[in-house]
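What follows is a group of structures, each given as structure tokens.
Note that subunit A is present in both complexes that follow, paired respectively with subunit B and with subunit C.
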Partner chain A sequence: MPEKSVFIVDDDPNIRELLAVNLSAAGYTVATAADGLEGAEKLHALRPHCVVLDVMMPGLDGWELCKIIRDDPSLSATRILMLTARDRERDRLIGIDIFGADEYMVKPFEIDDLLQAVRRLVGE
Partner chain B sequence: MVSMRSLREIFDSYRIKLLLAIILINLFMVPILVVNRIWLFHKDIYTGEAQAIASLSAFVLNSIEDDLAKNDTVHLQRAMQIAMRHTGIRAVMVTDNRGVVLFSSDPGLVGGTVPVEKSGAMNEENRMRYAEVQPVFVRGGRVGYMRLVFSLAQVRREVREAVYWSFGLNGAWMLGVLIAAYIVSGRLYNPLAEMKDVSQRIARGDFEARSTIRSHDAVGQLAAALNDMAAQLYNLTAGMQDRIGEATAGLRIANETLNQKMREIEETNRKLLELDALKSEFVSMVSHDLKTPLTSIIGFARTLMSLELPPEQRVRYLRIIEGEGKRLSRLISEYLDISKIEAGRFVLNCGEVSLPALIDEIVQITAPLHPERLRISIGDSVGTITADKERLRRAIMNVIDNALKYSPVEEKILIGADRVGEEIVIAVEDRGVGVPPDEREKIFAKFYRSGRLAPNRYPGSGLGLTIARAVVLAHGGSIAVEEAVPKGSRFIIRLPVSVVSPPREV
Partner chain C sequence: MPIAPGMAAGGAYVYRDIDLAALETKKFVIENIGAEIERFDVAISKSKEQLRDLRAGREESSWGEVEEIFDVQLSLLEDAEFLDEIRELLDAQRLNLEHLIALKIRQVNLEFSKIADTILRARISDIHDTYHRILRNLLEIDHVRTRTLQRITTPVMLVSERLLPSDLAQIDVTCLLGVALDEVSALSHVAIMLRSLGIPAVGNAPGLAATIRSGDPLLIDAEKGLLVINPQPADIAVLDAFRERQRLSLTSEPQSGGHATADGVPILLAANAGSLAEVAEAMRLRADGIGLLRSEMFYMSKTALPTVEEEERFYRDILALLAGQPLVVRLLDISAEKRVPYLLMRREENPQLGVRGLRYLFEHRDLLERQCAALAALAGGEKPGVLIPFVTTPSEIGRVLAIIEEDLRRAGKKRSDLQVGIMVEIPAAALDITPFLRGIDFVSIGTNDLVQYLFAASREERMLDRYRCPVHPVVLRLVGSIVAACEKAGKGLTVCGDMSSDPFSALLLVGLGVRSLSLQPHAISAVDTLLRSVSLDVLKGIAAKALEAGMVEEVMALQKELRG
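So, the complex of A and B:
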């Protein structure tokens, strides 16, 4: 059974590193992008099982990238996990209902919670 | 056509009433006067006529008695004919004691019988005739009666003429009285009517109405009083108009002032709402700014505990934890500085600071993150200044961060310092998007962020330039931004070499 792939899009290099090392250790294939535009460019080649997406990024932000994924039929199988420091309920509802995100996590998050969430979305 | 109203007005007029009264009085008086006059005149006429008849009949009787005494019937006949020439006499006759006519001016009557007892109107049919009957005496004995018949037509005619004249004269008199009354009442009534009009105009509020009556009688005095009253009312209302005008002008000014205040309050309110929106955005930003390093710290600490990693990697992660901790610390002190600035408790901790060394330190901190982007040029005359080292470093770093944030990664940032007189001038120049003239003051305001996109980082706290300015001002210096050539912006910081005046309250 091929490994599940996770695509990390975050503008903070430390967070990218943190997510990458933990998801790799959990057995996922990991790719990263430093902002929304880079993420959008790499998406089609990667066709990841899951995208871990930061909301606040320069250029193309997380919501816009989320919408691009949901509007693309070839990426219909891709699950989306939004990461943000914004913890207001309104943002959560926007992320899930309007932009079609599957999961929503607020920074600072526990690594174990994040791993569980990814596992829930795409399996081992 | 005379309308009912004006007809009614005419009959309501005192003048017409007066004339109608005069006419009524005349209608009663004229007949009374005429009858009275006729009665007097009639009596006069008949008295005169009676005397004339009495003297005439005495003369004729005397002649008849004389002729009868002489028995001269021829003379008697002639005398009777002569008497007939008198215009009033219609017939003369002599009768015996029984009334049988013996002699007559009308021979056809001789032998007939006439009444002899008394004088008077002859009969009912012939009121115009009057018979005077006198006994005839000859030598002491009554021989018969003389009868003289007079015509009253003349008298009647005279009476009738007198009546006509009387009526005519009375009519003329009445007409004269009416004309005189008309004229006199006009002279009395017209001024009153004019004053009535004038007072009605005044009552309607036309205080410029004036009576033109200038007579010296009571009416003239009344008119003068009316004019005085109108003039006083006019002055009073004109004064009131002026005062109302003044009051209105005052109210208008007050209203404008009020509107101005309202606009100011609305503007203040709008600014407060804007500030409130900025503040909640700021809270959101602060939350984000603090949570990102916290995520790294907590996450890497957990990772180090749970994963077996090579020693180099472990050290790198520990350094990240340290760096993010410092970043957190720096963010927190920025927020604290802003709190102090807001609370007016921003106090400098001054000492001797070597500016070239300080700038070198800043470059050491910043350059590793942005290799090859900083170009430094420091003049030889730039030495030490009196300043709060930590705060000044933060101020200059914030300006450099701003330049890095708002210009493309491939563009250089030029940092220059020089001494101009008693001032150190530090310039930070970028080739970024630049600052439009209308934003050159606003960018130093709290939480203000340019509408233009920062190309390579998400927005910061919105406090960097605000803190920089507060620090520079506290040192007695100034900070401004201008357009750089060929593009971008240049921030100019001017600092006095030594603090000559106490730090300004910020």
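So, the complex of A and C:
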């Protein structure tokens, strides 16, 4: 079975690195983008199993990218995990109930929790 | 269903609006009410700022009164009653604002869905637009929506569940080859805007946006109301032929009204309208002037009572567009369910049988006097017509005529400078019209209301649709008797209402002796086409058979004869 792919879109280089190292070590194929625009450009070529998506990014933010993914039927199988640093309940409402993300986590997070969340969404 | 005429082909761009439905069910408790109120205030001022920007951007455009839509939306955001109601709800329930406002929207929808007037119902989307804007600003996600629309930078066929005036204001319209919508009324602001922009559009096909994928090749034939997914060479050939016809028509003389039967009997096909944009649209569609200008639509587009001068100016602007074609203005026809925000209305158990039209004007004589003064000022040159709505007894007409005559005298004009008519929509008037004809110049039969009252079947109840049948022999015999009475008394007669907009019913009316119809602008072409195909004698023959029919099914069977 081919490896599951995870696409990390976050403008914080430290978080990108932390996630990339740990997700690779857990056996996932990892790709990254430094902001929403780069994320949108790479999406179709990558067609990842899961996108880990930061909300607050310059240019094109996580909500917009989440909507772009959900509006695109060719990406209907892609699971979305939102990373947010804001009001928990309201962001959950926006991310999951309005834009159709599958999961959300609040920054700062434990890396083990994030790995578990990715596993829940796409498997090992 | 055709929304805006023309044909176009290209790749689809499916636009999905942000779905806020979840807000109705998702709620959470708010601890810090002060902070929540602050969020509300910020969202309201942001919404106002956006609307002011939209309005400023549109002032230069050719979309007529579209900026007034944004004015009405701004006035909603300044409505202290609405704002306080939300604050009080928050205080009492301590739940998140998004949830409370979503419930409020549901309540407004419910109230609007009960409204019989199709034009008013079509305007619900403008109110939606405002409330959804507040919600998006509360959630700080408005940019997601505007940017989704602004990303349309190459020519596309736009497909969506619905579209709002503020959406069109965000899009680079030169990129819109054609538009297909799940939900749209031909009378909505968006439909009018699309027509004035010359963008072919079709609508009212639920599930469209869910079926089509971005990039799918599409062809819109708005002449036939068709949307073709993956058009074949034969479809493209039809499009090419259409483009060729268009090219030829650009180099030939524009056609004037000149509507007539196959044997050349002229029939006046005027239009119903409520705004400058609709009048312009009607003229483009070859209307013989405006047979029913709903003045309440002008009042509704305002945030405060217009002055007599403003109202007069509005009519003058319309007369300028009409360039000599006739104009008939109906005095305010409002009721407890068809409200103007700044006018007082009392609640009524049954507004359709309550204080509406002339009854309301008698209770608010200042309004009646203001309207008569504005119309008297126009009298003379173009000889506009004034139509008195909801007349129940002949004596009521005398009271209005006294006001009109006084205004005309004051303006130094004669009674004959202004045509005065009455709406015939209450059975008491329709069944014995002759006493009503004294002192007036013409009558206009409002078939929608007349039929509702004749069959005791409310226009608000979709379940009762089957009872409200305008081509029922009872209605036709009644119309026939009014035609005869008007002919005998030498009075003009027009039929407005949906009956005039349906080609078969319209031609039955011509067969009954009606020579003037006022219809929805987009129906003119279809009525004209059928009219040209048949002679008056044939129509008279069909009408005679219809008058003798016992059941409505017999009348409907006559359609075959007409369509040959």
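One rule holds in what follows: the second predicted complex is superposed on the first by the 123 of 124 C-alpha atoms of A that agree within 3 Å, B and C clash if a C-alpha of one lies under 4 Å from a C-alpha of the other, contacts with A are read in each partner's own complex, and residues count from 1 in each chain.
Going forward, a contact is a pair of C-beta atoms (placed from the backbone, for glycine too) under 8 Å apart; a residue touches a chain by one contact, two chains touch by 3 or more.
Quantities reported herein were computed from a predicted structural model and do not represent experimental measurements.
Asks: Taking subunit A as the common reference, can subunit B and subunit C both be placed on it without clashing, or not? Answer clash or fit.
Replies: fit
Asks: Can A:Asp97 be said to touch subunit B (first), subunit C (second), both, or neither?
Replies: After superposing on A, A:Asp97 lies in contact with subunit C but is clear of subunit B.
Asks: So after the superposition, what angle do subunit B and subunit C open up at subunit A's Cα centre, nearest 10 degrees?
Replies: That angle rounds to 40 degrees.
Asks: Just to be sure I read the superposition right, which of the two partners does A:Trp63 touch: subunit B = first, subunit C = second, or both, or neither?
Replies: Only subunit C; A:Trp63 stays clear of subunit B.
Asks: Could you look at A:Asp12 and tell me whether it touches subunit B, subunit C, both or neither (first, second, both, neither)?
Replies: So A:Asp12 only meets subunit B here.
Asks: Of subunit B and subunit C, which one touches more of subunit A's residues?
Replies: Counting contacted residues of subunit A, the larger count belongs to B.
Asks: For A:Val21, using the defined touch cut-off, is the partner it touches subunit B, subunit C, both, or neither? Pick first, second, both or neither.
Replies: Touch status of A:Val21: first partner only.
Asks: Classify the contacts of A:Lys107 with the two partner chains as first (subunit B alone), second (subunit C alone), both, or neither.
Replies: After superposing on A, A:Lys107 lies in contact with subunit B but is clear of subunit C.
Asks: Look at A:Ala77 in the shared chain and tell me whether it touches subunit B only, subunit C only, both, or neither; answer first, second, both or neither.
Replies: After superposing on A, A:Ala77 lies clear of both subunit B and subunit C.
Asks: Which value in Å is the smallest Cα separation between subunit B and subunit C when the structures are fitted on chain A?
Replies: Scanning every C-alpha pair, the shortest subunit B to subunit C distance is 6 Å.
Asks: Which subunit A residues come up in both lists, the one for subunit B and the one for subunit C?
Replies: none
Asks: Mind pulling up the subunit A residues that touch subunit C in the complex?
Replies: My answer: residues 60-61, 63-64, 67, 71-73, 89-90, 93-94, 97-99.
Asks: Which residues of subunit C touch subunit A in their complex?
Replies: 14, 16, 18-20, 22-23, 26, 28, 96, 98, 139, 141, 143-144, 147-148, 213-214
Asks: Provide the residue numbers of subunit A that touch subunit B in the complex, in ascending order.
Replies: Touch residues, subunit A against subunit B: 11-12, 14-15, 17-18, 21-22, 25, 56-59, 84-88, 107-112.
Asks: For subunit B, which residues count as touching subunit A in their complex?
Replies: Listed in rising order, the residues are 284, 287-288, 291-292, 294-300, 302-303, 306-307, 309, 313, 320, 324, 453-458.
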